[in-house]
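Chains here go by letter, A, B, C, D and E, matching the order in which they are written, and residues are numbered from 1 within each.
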Amino acid sequence: MKKLSLAKLYDFFAAIAAKEALYLPVNNEVGKAEYKRWSEGVELSHQLNTLRSAKDFFFPQTENLMEFKMEGKKIDIIDTREACDDFVIFGVRACDAASFDILDRVYLVDPVDSYYKNRREHGTVITHACGKPAETCFCGTFGIDAADPKGDITVWDVEDGYVFRANTEKGEKLMAATADLFEDTDDKAVKAEQDKVREILAKMPLADLTTEGVGAGLTKEVFDRPEWASLSESCLGCGTCTFVCPTCQCYDIRDFDTGHGIQRFRCWDSCMYSDFTKMSAGQPRPTQLERFRQRFMHKLVYFPDNNDGVFGCVGCGRCLSRCPISMNIVKVMKTLAKGGNK
Amino acid sequence: MQRIGVFICHCGTNIAGTVDVKAVAEALGHEAGVVFSTEYQYMCSESGQQLMRKAIREHKLTGVVVCSCSPRMHEATFRKAASLEGINPYMVEIANIREHVSWIHKDMKEATEKAIILGRAAIAKVHLNQPLQAGESPVTKRALVIGGGIAGIQTALDIAEAGFEVDIVEKSPTIGGKMAQLDKTFPTLDCAACILTPKMVDAGQNEKIKIFAYSEVEAVKGYVGNFNVSIRRKARYVDETKCTGCGLCTEKCPQKKVPNEFNMGMNNRHAIYIPFAQAVPKVATIDADYCMMLKTGKCGICSKVCGAGAIDYKQQDEVIERQYGAIVAATGFNPIDAKAYNEYGYATCPDVVTSLELERLMNAAGPTNGTLLRPSDNEHPHTVVFVQCVGSRCTETDERGKPYCSKICCMYTAKHAMLIREKYPDTDVYVFYIDVRTPGKNFDEFYRRAVEQYGVHYIKGMVGKVTQNGKQLRVQASDLLAGEQLHIDADLVVLATAIEPDKTARSIATMLTASMDTNDFFTEAHPKLRPVESPTAGIFLSGVCQGPKDIPETVSQASACAAKVIGVLAKDKLTCNPCVAQSDEMLCNGCSSCEKVCPYGAISYSDKEFRGPNRTTLIRRVASVNPAVCQGCGACTVACPSGAMDLKGFSNKQIMAEVDAICQ
Amino acid sequence: MPVTEYKPKIVAFCCNWCSYAGADGAGSARLSYPAEVKVIRVPCSCRVNPMFILRAFQRGADGVIIAGCHPGDCHYTSGNYFTRRRMTLLFSMLDYLGIERERTRVEWISAAEGAKFSKTMNEFCATVAALGENKRLEDLRCKK
Amino acid sequence: MSHSNNATEQVLRSSGVDVRKCMRCGKCTATCPAFDEMEYHPHQFVYMVEKGEIEKLAASPSIYKCLSCFACVDRCPRGVEPAKVVEAVRLAVIRQQGQNHMKSDDIPALLDEDMPQQLLVSAMRKYSK
Amino acid sequence: MQEMMEKRALELLADGTVNRVLGWSVGEFPYDMTPAVFRSAEDLKDRFVYNDFCGANLSKYLIKESKGEGKILVFLKPCDTYSFNQLIAEHRIKRENVYVIGIECYGKADVEKLKAMGLSGITGIQMKNGEYVVETVYGNKTVKASDATAERCLSCKSKKHVVFDELIGEDGDVVEDCNRFDMVEKLEAMTPDERFAFWRGELSRCIRCNACRNVCPACSCEQCVFDNPNSGVAQKAAVNSFEENMFHIIRAFHVAGRCTDCGECSRVCPQHIPLHLLNRKFIKDMNEFYGEYQAGADPDARPPLGTYTKGDREPNEGGNK
């Protein structure tokens, strides 16, 4: 473990930014944290988490896939993949860091998504352990430790500075490149910080949330639960939960006629939308009930089913605070836990 | 995918002179979906059309783009040609490369580029065109003529003659209009009444003609073939069906101090009156503004003397609705108000009169029983001065006047001068003119007769001012040819006031959705080729409402107008424009936004059953468009937030495809 | 017209009855206006959906003008009155968003006003040319 | 017409009058109170300017006989404004003479709400000949 | 308030006037109430809740609910009654199937404001005497209720219920000096460059989640043009600045004259874009150009874009500085 003094944090940023793009949470014009590229004078946000998740770095909202040009009967396909430069993300919380594993399970398995892979390979993730969790946090439910996030490097706030720990080769390389800023330290301060945070987490209202009633192998039971009707009743069918979610990974592929060619791009899609996976035969999920159920079935049942019991949720709590009508995965889980196992 | 043929017209050198037509044909030939592209000397010619038809056959075209003159010119021609080969006519689009390209751009490169882009836009549109079927709507076999002057009467008589019903709506108590007020007519000097009144009687007696006198059009709904018109029948307080027109009431009425409008207010009439002896319908009317009974409830004399029991003080205005296939505007004219012309002293000197007033002063049925007497002292005038062009031919700097020539003044002034000299040879008559305009059969001969035979003094120059000088009028004028300023002591000054469309014409035009020019004359569909039709289908124009005219011209236009009306009424069905709005019921919310902007009331709503998700049934309120009533303006399409309402032939996607092609 | 290299793209929506005929009139009278103006014929100015205007800007137009019958002369009685309200609001909104208001315009041009059509287009082109390229409502994908 | 092109242009420009709008009705002359005093009458001014005969007009005393009463302007049905033509010719003459006797400082005191300013200016030029 | 509402709802359920109640159900936290339909007295007693954080406008749910069997009871705040009335005007709600109880409102609270004060780990909020005692795992804090009032409620246009079958609490008045156009005016006073910069900053955050549209009572289309692949303008993501502009301009235009200014769009925006400023611009312009008009105030009134006068201002005249 290495220690960075309070005063040297920005030297560290400058050292990275000198070589590659550095992104970190910054307060925007409305005072909310969002990832922005660091340059001289940009301040790290002290908020718990960003409004949008960190998945944008590897799975951006829109991405050009290719372009076609047509003349007469000839079609030219143009590869528009951009070479990705190395970049560093600083300040990723434990939940978002865990979400990368979930995305990897989707995009890095065969067939590998080359666009995603390209970004993933070039990105270095520096996580930042949570110091002041919020009531909406429930990462613990999915076995994520907010006090010990993953990532290439992990950073903890301690009283008089920051403690860094490289977890991967990438992380070590980065630390080595900036070694002169650091001094050696033991893990005492980190342990104390971790204990403090874990204690707070235990007091949080969602600390006792469990995955009872959901999980791998429960498709039939959960799917048929009558509660879906009342749970989904007030859902507006917007995509807010999907788009702020660090693990939602669905996209749509669209063509755009620019007037001098066709651009094929992909963009986030939401299973909450009426045209999600619409096919020529029609809409497989005709009402909001089916769409709503799909989203939670996917995260809580289908995904664990296909991924060794790993849930498709990291408990970041974004959907809890962002849903226009305050319906969310916690309410769903609690409802399903009640009177389940029929 | 359409199979599109592109045809570029040279229009002689009109297009080919500025646009490289070969390059256009070549470029457009590479566009997606284009399977044939060529250019030709004159696409609209018989051989040009044959060329197109042959290409449609040989290349199995499904869509056609013609790059030529304005679609307003030959769209119909090419659509017809295409339809002869079995292509739906609405699969043809025109790219206007003459009016919008070759005629306005000089640089060949620039013009050719633009022509190609306009061609691309048309091709992009044709890709999205759908075959459209023109609907049919029935024709109500009855015409409405608004205005009962000589124009309206003639039109009505001719329509009736062809066997169709026709209604005349006239706002005054009798038909006859301005002509009824005239004494003699030029250039023959027949008595106006002698030639007009038989026509009035004919109209009154014709079974096919129904006269709604003392009535006004209140609202017009519908469209060509199917107009629905509300007519307000103003209360006469006399039962038209009972009144025999004996006139006893009009003699006994104690209220005698009502200015007589028929005589231009130069004498009085009674509160109950028949405008003139030959009125049609010859029915008395009570003037509610003056009738003691209606105002105070005390009198009732007319009711007592009426043997027929026709007086009805409780009569109310009545609004009736009638259906028509065509409507004729024959709203006529009025002289402008000469009061604004201070320099001529019309407002202050009683012996300054307008020409129409002079007509009455010389008419046997007029206030002086046909003897020419001065209004001030009822004496014979010995010197009469006529002033031409009062209020005509003015620029906008003179807001009192009109920019146009009123056309009839030169001739009627010659007539007046001649008549005065004939009846009263001791009278000196001066006519001050700017130009004497006599382009008509026997017109110039007539004017020369006034000068040569009757010794009327025509002086080139205008009158500067007229002032009262004792009992006489001092006229200061210039004689431009002599280079003198004249000071004439006249007994009577007659102003040839400009004529203007009747004040009611504007509101009628609005009801008819017929367009007007800045002078409030109705606009004709084409100044040369369609002079008696309004651009609005089913609306026709008769008489001075379209522009200044004399009587012979008015009558010929009235008959021409009748012929056009008969053309509509003779059809059993009219084909409707298929480019109308259509509501996609799957998208419609039934929110009624579209209905609020539809000028024709073509949109209605109904609750319909739809298949909902999971085998449920939903009932939704949805809009539907009556294609016979919709005229295809597209106002609804923009009001509709969901895009459910779209316009056939000009759909959102078609227009956006054009935008895309143009901006490419 | 100032001499300039830059030529703006102008889309002119013209109603069939007045302004398109006015454009034809300008052609018949050989009254020139820049070739950058391309006319799209619509039945009535009220057919012009704000989406078309934005679409034109997206696709690279630098100015959009809508021409219709003079108020009161609409072939369909009231279409241009609605156009007037809609466009008043839309233009005000575009301005509110900081998009140059001179890029959009409504003109009333009758069938007889070929001269006005030509004059209007010349003026509008000059105005838009002075503003330069449309940057605030552009869609970079559509740029070549 | 060519011989006095410059003078004609100057008159046309300084008067702002479009003489081609005249339809030769003579109403200006008919209404002119100074008719008897004038060699050339208002309509002639307009016509002669159109023909380019400025020298004749400039040499004529008519330019000083015009009262600038503006009756001709008021009465002209075509908005030609003959008095402005007379004024323009007069101005051309005065400019040529290089004389302008009234000082501009004197003008404000002479201003009157109801008085057309042009009348004041023309009167000043006329009497300071 | 909650007791009165619950009592009345139970009575109306019991006497058969209604068979359902549309209200709010308890959340995980003191502030995250979800709109819900209650079908039984038990359910109502179990889950029904009403407090200062029940801000959602329930009127849009009635499009679907009023087409169901029997009558539904709905609780509407004053601003919600405007939306309800507007939907009636657009024939989207079957009035006869709805029993409206108007509830008085003195402004709703916005938990984001509490969070912005640094309050985190909220476990309870006690409301009394115009103050909130916010209990958190990090300690308690007392906050003036007015400091937590939702932004939209600070410029409340009306405390009057324009439609109701009965009222709980008092009916208020239209607020004459609500200052709701202050920010619009401020923007209007800026230079075009400043305005452009402002809106680019705001709209560039848009993630096209459609929350604004889906919550909007005026956006009640069967299918939005932006979702309809046949419309030619369908978009799924805010790909670039143009599409962000396009979506928000067209959406504001589509609801112009129909938007009642309920403020839901801005409330739900996860990116905190002040979308109501677009709608308010249209409202302000329409008021200024065509006379005062409040959508929803009178369901029979003619909306500004559904009518005209011959002397209307010309589009080229301009409205802003």
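Note that a contact is a pair of C-beta atoms (placed from the backbone, for glycine too) under 8 Å apart; a residue touches a chain by one contact, two chains touch by 3 or more.
Note that the structure is predicted; figures quoted are calculated from it, not measured.
Minimum number of contact steps separating chain A from chain B: 1. The set of chains touching chain B and also touching chain C is given as A, E.
With respect to chain B, maximal separation of chain centres occurs for A (centres as means of Cα atoms). Across A-C and B-D, the chain pair carrying more C-beta contacts is B-D.
Innermost chain of the displayed assembly, by C-alpha centre distance to the whole-protein C-alpha centre, is C.
Mean C-alpha positions place chain C and chain D at a centre distance of 45 Å. Computed centre separation for the pair chain B/chain E is 53 angstrom, with centres defined by C-alpha atoms.
Rounded to a whole number, the gap between the C-alpha centres of chain A and chain E is 30 angstrom.
Averaged C-alpha coordinates put the centre of chain C at 37 Å from the centre of chain E. Annotation for chain A: residues touching 2 or more other chains are 256, 259-260.
The set of chain B residues that touch two or more partner chains comprises 597, 639, 652, 656, 660, 663-664. Among the residues of chain D, none is found touching two or more other chains. Those chain pairs judged to touch are A-B, A-C, A-E, B-C, B-D, B-E, C-E. Listed in rising order, the residues of chain B touching chain E in the complex are 586-593, 596-597, 605, 618-621, 639, 641-644, 652-653, 656.
The touching residues of chain B, when paired with chain A in their complex, are 30, 32, 613-614, 660, 663-664. Listing the residues of chain B that touch chain C in their complex gives 70-72, 96, 98-101, 103-107, 110-111, 113-114, 117-118, 121, 510, 513, 515-517, 535-536, 579, 597, 599-600, 631-635, 637-639, 647, 650, 652, 655-656, 658-660, 662-664. Against chain B, in their complex, chain E makes its touches with residues 67, 89-92, 219-225, 228, 230-233, 254-255, 258, 302-303, 305-307. Chain D meets chain B in the complex at residues 21, 23-32, 35-36, 41, 43, 71, 75-79.
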